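Look for chain A in each of the two complexes below; its partner is chain B in the first and chain C in the second.
== the complex of A and B ==
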C-alpha cells in the first residue's frame, strides 16, 4: 500500500476549505422578508385615532367572531357565537343558555369558519354578520348594532356545515351546504359502506327577514352524496344563481386523502334558486321530518328563546328539472368565488396546477344548447370547455380562495407555495406574487366578495407562524399579514397574530358600522320578568326551593347586599339589573363557589346567575368589572342556613343593626 | 311725558315677544369634561326644568356627597314661568303706553330679573357645592364643589363650564333691544322735540 503524498492532501484542503466557506454564503437565505419603505406609517393608527375598516375574522376552533381594526391589526373584541364565554357569561347565564341549545342538547363549543356581512344590492349595508358552525351544523346572525349573537338556527340533514354562510345579493338567503353527506330520512342506521346508495347531501337556503333579520329554512335541495366545500352567490347578471364547490365525487367514505382525489375533475354545482322559488311556490316541495332548533335573543327581555322545529321543505333536483347543474372543475375544488361583475366564477382546485375561470354567459348558453357530457346522480353535467372562460396557467401550488379589487384584478391564496398571486380576471395574466408567513388559507380584500370592492388592502390569514414571533411552547399563534394593494405591486406593511384559527374574514368601512353602535340598553324598555327598575324594586322571593333575587347594580353598590333566609338545597337565582344609563359602565357579578361563571351586565340589562350552595355559611359576592373608584367596595354577603332552619328571608343594603343576641347589645 | 316713536314701539314689542323662544330652548348650560368623559356631560336649565345627563352627573356627584339633582330642589321652577309672562306683558304694556320713562322702567325690570336669576343660581350653586353629605365616600379636606357662575372651573377630575344657552342669549338680546330704544330715543329721535 502506497501512502499518498501529504502535499496532495494539503492541496485538496486548500481547495475545499474556501469552497465550502463560499458554499455557505451561497446557501439560500430564510424567507424572513422585512417590510420596506413607509410600511410602518401606513399601518400606524395614532393613539386616539380610529381604524378605517372593521375586520370580522372567523375564530375557527374558538367558535367565535373576532373583530380587528385595519390597518392597525388591533383586536377590539371577541364576539361569543358558538362557544360559551365565561368572561361575559354567554352560555352560562340563564338568559343566554338557550342560544347554545341544539337538537343534541346544549353544545358548548363549535368551529366557526366563515363570516358573511349582509349586503343590499350586492354592497355592504353594515347590518349583520353571519357565521357558520362547522361541527354541529348551525348558522348564526350577529347584530352589528350590539356586536352580539342575535340568532342561531340549526341545520337538519347536514354533517359539517362548511359550505356556509354565504349570502345572496340582497341578503334574501344565507346558504348552508353540508360537508359530509349523511344518510337521512327514516333510514339513518345503515352500514357506512352503503354511502353511494344511502348517503345524500343537502344545500339549505335560509331566508332572512328583510327588517328583523329573522332566519328560517326556506327549503333544502337534496343532492347526490358528495362533500360540499365553499360557495358564492351570483351577482348582477348572475343574481338568482348560487355556485357551490364540491369534492369527493368519487363518493369515498374512507381514506379520502387518497380515495377522493382519484378523478381528474370534481364539480362546481350551479343552483338556479329563483327556479327553486318557483317550484316551491307551485307546491313542488316535499315536507320532510327533521328535528332542529331555532334560537333567538330578545333585546327587550334580555333573554334567549329556543324553539324545536320538526319539519323542513325539500326539493329534489332529479325530479325538478332546470334547477341544478354540475360544472366539471379540476382536482377537488375548494374556493368558488364570483367576481364583482357577476360574470366570472373562479374555481380553485386545491391540487390543481391551474385556476379555471368560468363564464356565467357561457354556462347559460351551454345549458340552453344542452351541451352536457352526461349526468351525475341524475343531474346534468355541463361540458367543461363550454362553460370555461379560460385558465390561469401556472399560477402557483394549491390555489384555495380568490378575492377581488375594484379594478378587475383577482387575488388568489396558495397554501402549498405560501403566497398570494394577483392576476387579471379577463386576461388571466399573472401580474404579481408575494410570499405569506406561512401557508395562507383564506384571504380578504375589504368588500372583496361584493359588487363594489373597497380595495386598498389584501389580508392573508395563515395557518403556520413557526419563527415569526416570540415562541410560546408547542402551541403557537396563527397570524395575518396586511398588504397594500393600491399600487401595481403588493406590498407587505403589517404582520399581526390572531386569536383562534382564522379562516375566512371580511372587512367593511367603519363608517358603515360605527355610527349605529348601541351604547346602552334603555332601562324603561327592559321587560325581563325579574328586572328591578330601581333599588326600591329589589326583592328576594322564595318559590319552593328556588330563591329569586332581583338585585340592582349601580356605582358603587349592589342592592341588596345582605341576604339571609337561603337554605341548603335551595337553588338561588341572582337576577342582576345594571341600573346605569351611561356608556361603558358594565357591572360584573360573581359569587364564591359558583359552578358556572360570572355575569357581565351592560347598562340597562338584566342577567341571571344560578347558584346552588353545597354547604351552609356566609358567602361573599362582588362586582367583577372595575366600574368606579369604589369598585372594590361593591360587594355583599349571602347567608346559607341548614335545610331545617327557621331563618326568615331578609334583605337590605345600607342597614346596620345591633348584632342579635350579642352581649351588651341592649 | 314724552312719547316714543313707532319704530321704538315695534322694537319693544319684538324685545318682549322673543322671550317666548325661551319656552322652547334651554336658558343655561353647564358642561363637564373628565378623562373618563371625553365626550362631555351636559346639563340644561330651562324656565321650569332641568334636562341632559342629570342622572349621570348625580350618580358621579354622590361620591363627594352632593345632592341628587332633581326638579323638586328648585322651587323657583314653580313661578319663573309667571315672571316671564309678566316680562312679556310688561313689555307690551310699555309699547302700548309709548312713554319714554316706561322704557327705562322696562330696562330696569329686565336687569333686576336677570340679576336676581344669577344671584339665585349662585346661591343654589353655593348650597349644592358646600352642603355635602358628611358620610360621603370621598371627602377632600377644604374642598367644595360650587359650580362656576359663568365661565370655566376645575373641580377635581372635572372641568366645568357654565354659561347662557340659547334662551339666556335671547334674554340678553331682549335687554339690548330695550337699551337700543333708549339710545335711539335719546340721540336720534330727539331732534323734533327740540
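== the complex of A and C ==
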C-alpha cells in the first residue's frame, strides 16, 4: 500500500525530468528565466536617489518621446511631440495647435521612431534631442532645458521619414531620408507601375542653428527610386560624410516582402556632404517648388507659429559628380552604424547571415582608384571587396542595429534569433551572446553612437513581450531589458515596460542634462498678448462674437471666478496665466462640455482654451492639478445667456452681492 | 523617572525623521548651511537677510517698484488693509515684524515655513503655504519699502 505512490512518483519523475531539462535548453527561455547574482542591487535606485542616465526612448506609434531613468527603468515623462496630448493640452490649446500643422492641415498623430541627441565634437552636449515623424514626414527638436518640443519642420518630396533624424558630429545637420520613393515635382499623378521611370528618393539635410537650434532645409539630394532605411554620420576622419542604408534596389512597388528581396546585395549610400556644401555655395543647386511647414514655439509669448514655405534647394548627383556613391551591402540592410573611431561602418542586412564591416579608408582608396563595378541610376557603385574591412561570420540571424562601447566592441541586435551579440570591431571575432525576451529591435549603449561611448549598459528594446509580465488582454505592454556590459560577459539585470512601441533610444549621463533644467518661466518675461501679470490686470473683453478672458491662477483661486455676459453663439477664449513662480506648481484648467481638453499651465506661463457653449446656463470650471489644501475650492462659474440677451459683461472674484442686484436676462 | 526622559527624546527623534529629506549629490543628508547659521536673533527670521537699515524719508523709486511687484506677485493673496484674503492683510505688518523677518519670509519662504515659529503660526492660521514667488533680495527690499508706505510712513 505504501510503496505504490513512491513507484508512481519515481515513474513520473522519469518522464518529467528529461522533459524539463529539454525545456530548459529551448531558446529563448520562458518567463522563469531570472537575472542572476547581484542583478537586483545593480538596477536598484533607492527612494529619493537619482538615476545615473536619462534614457530617451522613442514612443513609436504613440508619436511621443518617453523619458526613463537608468538603471532603474522608471518612467519620468512622456514628452508630447507629434501626437496630441490632452493631459498637457498639447495640440488642444490655442498656443500649441500650430505645432501640429502640416501642409496637409492639422495632423493629430504620428509615429516617432528615432531620437538623436545633439553632439559637439561627436560627444553628447545635452542641448537638444531630435525625433522623426515616420508617417507625415517631419523632424522635431526638443529642448532639453524644458523637455518640450521647440520646433517641427516638415519634409517635402518625402514619402515617410524613416531614415532620420541622425546628426553630424557638431549637429551641423540633421538628415531625413525618405522611406518610400514617390513621384515628385510637376508629375505626381502617374500610374504606380511607372515606379522605375517616375519615382524618386530624396535625402534632406536640415541645418541646425549653432546657438538657437533653428532648423532649415539646407538642401535635398535627389536619388534613384529606392527605400531609405537608416543612417549615420561619419565622425573623426570620416566627418564630412554620411552613410545611408537602402533596400528595394529592385525598385518593386508591390509585395515588397518578396519582390524587394530578390538581390543578394542592396546598398549603403555614402554622401560627401562637404562636397554638397561646395556645390551649393557654387550655385549648382536648383530651386524646386515644394509646400511644407515650419513650426516653432516661442518661450516668451508662450505661443507657436506655423509658417508655410514654398521652395527647397535640390542637388542632382547624376550631374554633380563625386558627391554620392553606392556600396553593395547584403541583404536588405537596415542598421548602418559608424563606430566611435569613424573608420568602420557596420551594415546590418535583415536577411543576411553575416555582418559586413566597411572601412572608410578603403572606401576613399576605392573611390580614388575608381574601383567601381558599374552604376545605379547614374551613381557609381564601389566594388564590395574594395570597400570591405571584413565580415563577422555566423553572428546570428537577422542582424538589425549596432551600438558601440569605448573598448572597441560592437553590440548587434538580432531579431530572428532574439539575441544581442558582442563582437570586436577590428578582429570581427564574436565575444559573447545573450538572449532577449523576445525579438529585439533596436538597442542602446549610453553614448553608443558618439565618439565617446559612456558604456556600462546595453538596453534591448523588444518587439514581443508575450509572457514576461502580468497579462492585460490581447494587447500587452511593450518592453525593454537592461544588461550590464561592464564585464566580459553581458548580464541581464532588469526588465522594464515601455509605452507606445520603443524603436531607437539614446541614453545620456544625467549630469549633462539635469543642471540645465528650467524650473519656472519668469512672469516678468511673459509676452503673451493676453497675459495678466497680476490679478489687477485680469480682464474680460468682447470682440464681436469672441469673448477673451484674461484669467490668473494662483494657490488657490482663479480670477475672475464669476463671469457673466457671454451669449450663445460666442466663442470664449480662456487665457489663463499661472502667477506662481515656484518649481512644480502647475495649475490646470477645465470647463464643463469643452470639446478639446484641459490646460496644464506651468508657473509664469499663459495658455488658452477655446470654448463654444452650445446651451445657455451656468457652467463650472476648475483647477485640475492638485495644488494646495484648498485645491478643491479652486473653481468658478461662467454664465451663458441667450443670443439676444442684454446681460452686460461682468467679472469678479471674491465679490458677493444681493441676488436682486444681479442683472437678469431677457 | 527614566521613562519620562526617554520618551520625549524618542519623540524628537521621530519628528526629525518625518521631515522629507532632499537628495543631494551623493545621497547623504547633511543639514544645509543656512540652517546652521539660523536664529541668531529669532525675531529676524531665517535666511540671507541679516541686517536692514531703514531710512526716512522713503525711497520713492523703491516704493514704485514695490507696487509693481505687489500687483504682479502678491495681490492675489494679500490685501492692503488688515483683512485676511488667502494670506494676512498687510496693514501694520512693518510695525509687527522686523524688516529682516519680512524679507526672509519673502525670499526664503520654504525654510521659514519649516523652521520659523512665527511663520509656522501663520501657516496654521491660513493653511496655505505661501508660494515662493522667485523674488530677489532687491525685490523683497522694494516690497518692504512699499509696505512701509502702506503703513503710513513718509
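FYI, the second predicted complex is superposed on the first by the 628 of 666 C-alpha atoms of A that agree within 3 Å, B and C clash if a C-alpha of one lies under 4 Å from a C-alpha of the other, contacts with A are read in each partner's own complex, and residues count from 1 in each chain.
Methods note: a contact is a pair of C-beta atoms (placed from the backbone, for glycine too) under 8 Å apart; a residue touches a chain by one contact, two chains touch by 3 or more.
Here the structure is a predicted model, which is why all the values come from computation and not from measurement.
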Have a look at chain B and chain C on chain A after the superposition and call it: clash or fit.
clash
Where does A:331 make contact in the superposed view: on chain B (first), on chain C (second), on both, or on neither?
neither
Should A:582 be classified as contacting the first partner (chain B), the second (chain C), both, or neither?
both
Chosen between chain B and chain C, the partner touching more chain A residues is C
Is A:148 contacted by the first partner chain B, the second partner chain C, both or neither?
neither
Quick one: classify A:265 as touching chain B (first), chain C (second), both or neither.
neither
Touching A:629, do we find chain B (first), chain C (second), both, or neither?
both
Could you say whether A:451 touches chain B, chain C, both of them, or neither, answering first, second, both or neither?
neither
Could you say whether A:114 touches chain B, chain C, both of them, or neither, answering first, second, both or neither?
neither
Looking at A:523 after the superposition, I want to know if it touches chain B, chain C, both of them or none. Which is it: first, second, both, neither?
second
Could you tell me which of 8-16, 44-52 or 98-106 in chain B overlaps chain C after superposing the two complexes on chain A?
44-52
Using the superposition on A, tell me which residues of chain A are in contact with chain B and, in the other complex, with chain C.
554-556, 580-582, 628-630
Given the complex, residues on chain B that touch chain A span 53, 55-56, 59-60, 63, 137-138
Using the touch definition from the top, list the residues of chain A that touch chain B in their complex.
554-556, 580-582, 628-630, 633
Residue numbers on chain A that touch chain C, as the complex places them
46, 48-50, 520, 522-524, 533-537, 552, 554-557, 559, 579-583, 585, 628-630, 654
Within their complex, state which residues of chain C touch chain A.
21, 23, 27, 71-73, 75-77, 85-86, 127-129, 131-135
